[in-house]
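Each of the two complexes below includes chain A, the first together with chain B, the second together with chain C.
Entry: the complex of A and B
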């Protein structure tokens, strides 16, 4: 019995620390090779890059904890970004922001509606449904703008909120970081202090058992997809503000990065376990990795390769851990 | 367990979807004055869907055995690029093609090892493998299209038998026949259905589940590689973006055809119908000159609709039994 606990705890210890260890080693190497790494400018850069991805990943955490997956966030980003930016002139920036968030919410609700009505309660079924929705959202964005990008800086009316989100700092902290922190706080409270958080975990652990035990599983699914949609919308606003352009294909590839960040952080893909705090660490690793590798002069193509390799490795390790726990 | 009983009923229901819908499109197109019913268009329709069909064959084998392989797009892209690069650097064509196919088999073996022997979730592992291979493709081509320098390589896909039938179509037909034969008439095929139907039962029946299931991934890798080589030969270029949407597109097409994600249900011929159906649909859209973004939206809605129906049919049957 003792032995079991030790191997289990050693594996858990090694695995939990693997990620932090990874960040640490990477940061140290980069500091030595490239002195630009530890400059205020670069750290602020990291903080700003943190923006869009962490929003998505936080939303994706709830989805994966609930035993589902959402590939439509890339499409939601594209759609929300072009609609929000293009509406600034006609309805003003505050209303445009609200419309953007509402679109994200509607997209998320649409996903959950399809999943519940179709009974697509398996992760793979949800994967393909949300992939199809991603194609639809992207196509709507393309039709809406006629495939042309929308430029934030061409807006004739005031767009100061967007500038603030994209470039602003409150003291040493960027505005997008504050937005992230507020979102994290809200989601963390929901996750750890409310019955919704418990419902998500139980739904992810065993949906049938959860339903029979009186957990409102369908409401939970609606909730997690709504949160994912809203977080994707916030991510879209942050991203569009930072690059000052909204393109109808700008969300492409973000969904796999978000899944990667969540899984690397240590939220089990099978559902039932995880935390938004873990996702923050996972996202930090992904962003730091790309920042360090950029500074070290590694091409984006190889970074792409590494991303895939790390995703495979993270899932493999996670699986081995669960396997050893099962024994 | 109820799903197992309802599977045959659902199978009959969903097996009819693709041919009926395809027939509807053919009838609809009779009412429009388009070049749809020209021999050129119909041959092109088959020809342009051939690479996807080849990929779909291996994909079906994996699906039947209860797995899923989303790395096919990446394998297709990279093996095509490998073939072009090798041939450009002077390697003889048969050797280059062989190396590409072996590469596909190797990736399939890795997928198989990770998902079967290490018991991981196949769709996320192969999704990761797809991302990895896209990176490899970009690195090999520095994200620019590369073109073939040996004109003989083009003949591999573009040679026309009797001046009509392109070699690409012949390769596709051979692949389809081989996979149909594998699934229908060999013990390997029956084992695949058994494993997809119930993994544990298959295991206790004495089937070597591990090696059989791994082999399905190897087959999928090989067909994807063949498709990649043929695609590169057909357009005489290699590009890291070719396989971007392939895996999910094929997955939808195969489900439309009637092969279920649940495993143990479906067949190669059904997948052929599924892929051809989506091909015919987008061809008809083109003929009707529908805007390409609206096409994309309709295709997306369509994928959602079909998969939704697939899930819904299963849900309804489960509730009624």
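Entry: the complex of A and C
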């Protein structure tokens, strides 16, 4: 393989990384137009938003690599957040956190159980099924709280550990960054070195062939949804700890952002190929984009539209790549 | 007809086409004359499909010239090529299953035909002209493959085609349906329409083609009139060397029973039972849909079947999924290579190591060095032609893909190897290599269950043949003693 740089290869690179380049251009424009962009405060602000989203995006990466999709993470975030925050006073913060993560795990297992028992092995079927589950999880959160937000009461209870997750620092590094980094490391090792990691890619590449060759595809499905549930729960905790309030609809819209982050990062939406490392870049880009647009004074609603447009563009580029490789 | 044999309808001059890493066509020249049936043969990867895709406008050529009906054609789209009178009927037919026959014939041209209702009358005329009696109001999903092919032919005629290219039309037809197709091909020829007939089945080429072109590795090796070429010549041109026999001599050591299957019942299968001996190749003969694939899938645990009894080496075993089957030394090379066998986007290495992945894993981690060793060993042992183990398997020819799948299983040294259509769509040279491999497997003490639609293959390779029809085992034969007719009669015993 010769790696000479030619005009052609530059054009091909540009085409394959259109979205990433586009967001960089946006960042450069923002730097010039709005000097606030490159301030320490703003960069910290970007890192703050990075926290919750990256957690579920990492989980979503495994799901999409396995050829599936999980729209229920928004519902899981809402449910985990309200339950965790409401339990701190009664059972203590560590126990509440454990309960929160376990709820995320249970939600994920429930998704995979329904997918396997319902035979929803196509991505589109999983999409509808997890959408349904998202509605269910949100409804449970609404019933649990009586549709009202849950606050930290700041009574005698100790909130130090809980608030540290979102706001604390160890030296110069934020606690949420350490959590992110540990999760990334674990997931990356799983993805690149282990049997289950390979099984995820193989299941996403061709589930029928993988199953017939003795790959435990059903176990793989259980695994990716369990990871997605846990990661969504961690995201929920980081988010709730930062805002010290949990609403039963606070997770709404996070699933789209997570899918966007994964796909923009370059994981194939159809499964089989991808990496959590790419998702880190994808997530950064998505948050940077929204930050730039905020600074440039673009309203939230137009930003929603842009996010939709980018998702469509990403799918289109991905399919085109697959199509040209397919010949 | 008077113009035939002098005036070409299609002239291809020095056409080349390269894909990254492969020269798919290298200065290919070819003339097809009016009113002739022109066969094209060649191994997979010889360049037949690429050439056809250039003609139909799916690909653009890199260099060279193409003249169709006297006009030079350059950068055409598939629709333009059809309107010029050049139609291609692909192996995987291009019909909309949820629409009616009439609508399919004039798909996308309802307004030109005067509306969606009008198409039926016009489709009727075309179908009648090829002697086809299908109701034009019928939905395509209800039709058999051969009927669908008729619809494609009617569609080609509706464009007033001067040249119809048929890509492996016979691969899913029964013998009777094939006779129908041959009749229609002759009909078309008599109407002055030229046919390019691409096939792996040399018998068909000899049966009704006028001229044959042999391609290999992106080159045209020769174009000959059919009456001056012999079968062996054709084969040696295709593979670039001489092959003495199409089948190796059959091994004949058969030992004690390794597999005893009883009581397989599903919606389709009725009390299927048989046994397999050590060192035996057992041929399972039946029509598509007879239950032959369902039988082996049930044994392999690919489909859940309750209350079946499977004994291996005399011991009752429970097989509920492929993982169980593999543990008990059973391997399955499935029928549809691309859908059930391969991970097309993955490397040759990863496709080969697939079934051994469990063995390569220690404490959850894959040993990548061992993985490469396995792949290297199998690539070498089976002579898989690939630039490297890292090459995407999609880029290999069908024969090499199939060898890679075999390598995947042979690494596990299975006791029982099930081969479902192992040579489907594979060229003569690779077929022979696969036969040799089968022979070696049984000589090393393995046993094989062989399913194939090609009766000569089953008869020449098997030690014993059982027939299955409509989900029941209908007969058992020694292929040395039974005739093909006797066996087929049992395969049709409904």
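Note that in this section the second predicted complex is superposed on the first by the 303 of 327 C-alpha atoms of A that agree within 3 Å, B and C clash if a C-alpha of one lies under 4 Å from a C-alpha of the other, contacts with A are read in each partner's own complex, and residues count from 1 in each chain.
Operating definition for what follows: a residue touches a chain if its C-beta (ideal position, glycine included) is under 8 Å from a C-beta of that chain, and two chains touch if they have at least 3 such contacts.
Here the structure is a predicted model, which means the values were calculated and not measured.
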item	value
Clash or fit, chain B versus chain C on superposed chain A	clash
Of chain B and chain C, the chain that contacts the larger number of chain A residues	B
Contacts of A:306 with chain B and chain C, given as first, second, both or neither	first
Partner chain(s) touched by A:124 [first = chain B, second = chain C, both, neither]	first
Stretch of chain C, among 25-33, 97-105, 223-231 or 367-375, that runs into chain B once the two complexes are superposed	97-105
Common ground on chain A, meaning residues reached by chain C in one complex and by chain B in the other	none
Sites on chain C touched by chain A in the complex	19, 59, 300, 302, 321-323, 326, 332, 334, 339-346, 350, 354-355, 357-358, 361, 364-366, 394, 408
Chain A contact footprint on chain B (complex, rising order)	68, 114, 118-121, 123-125, 127-136, 138-139, 142-143, 248, 251-252, 255, 261, 291, 293-294, 296-297, 299-304, 307-309, 311-312, 314-315, 318
Residues of chain A touching chain B in the complex	114, 117-120, 122-125, 127-129, 131-136, 138-140, 142-143, 147, 256, 259-260, 263, 269-270, 299-309, 311-312, 315-316, 319-320, 323
Partner chain C, residues of chain A touching it in the complex	193-196, 198-199, 201-202, 205-206, 208-216, 272-273, 325-327
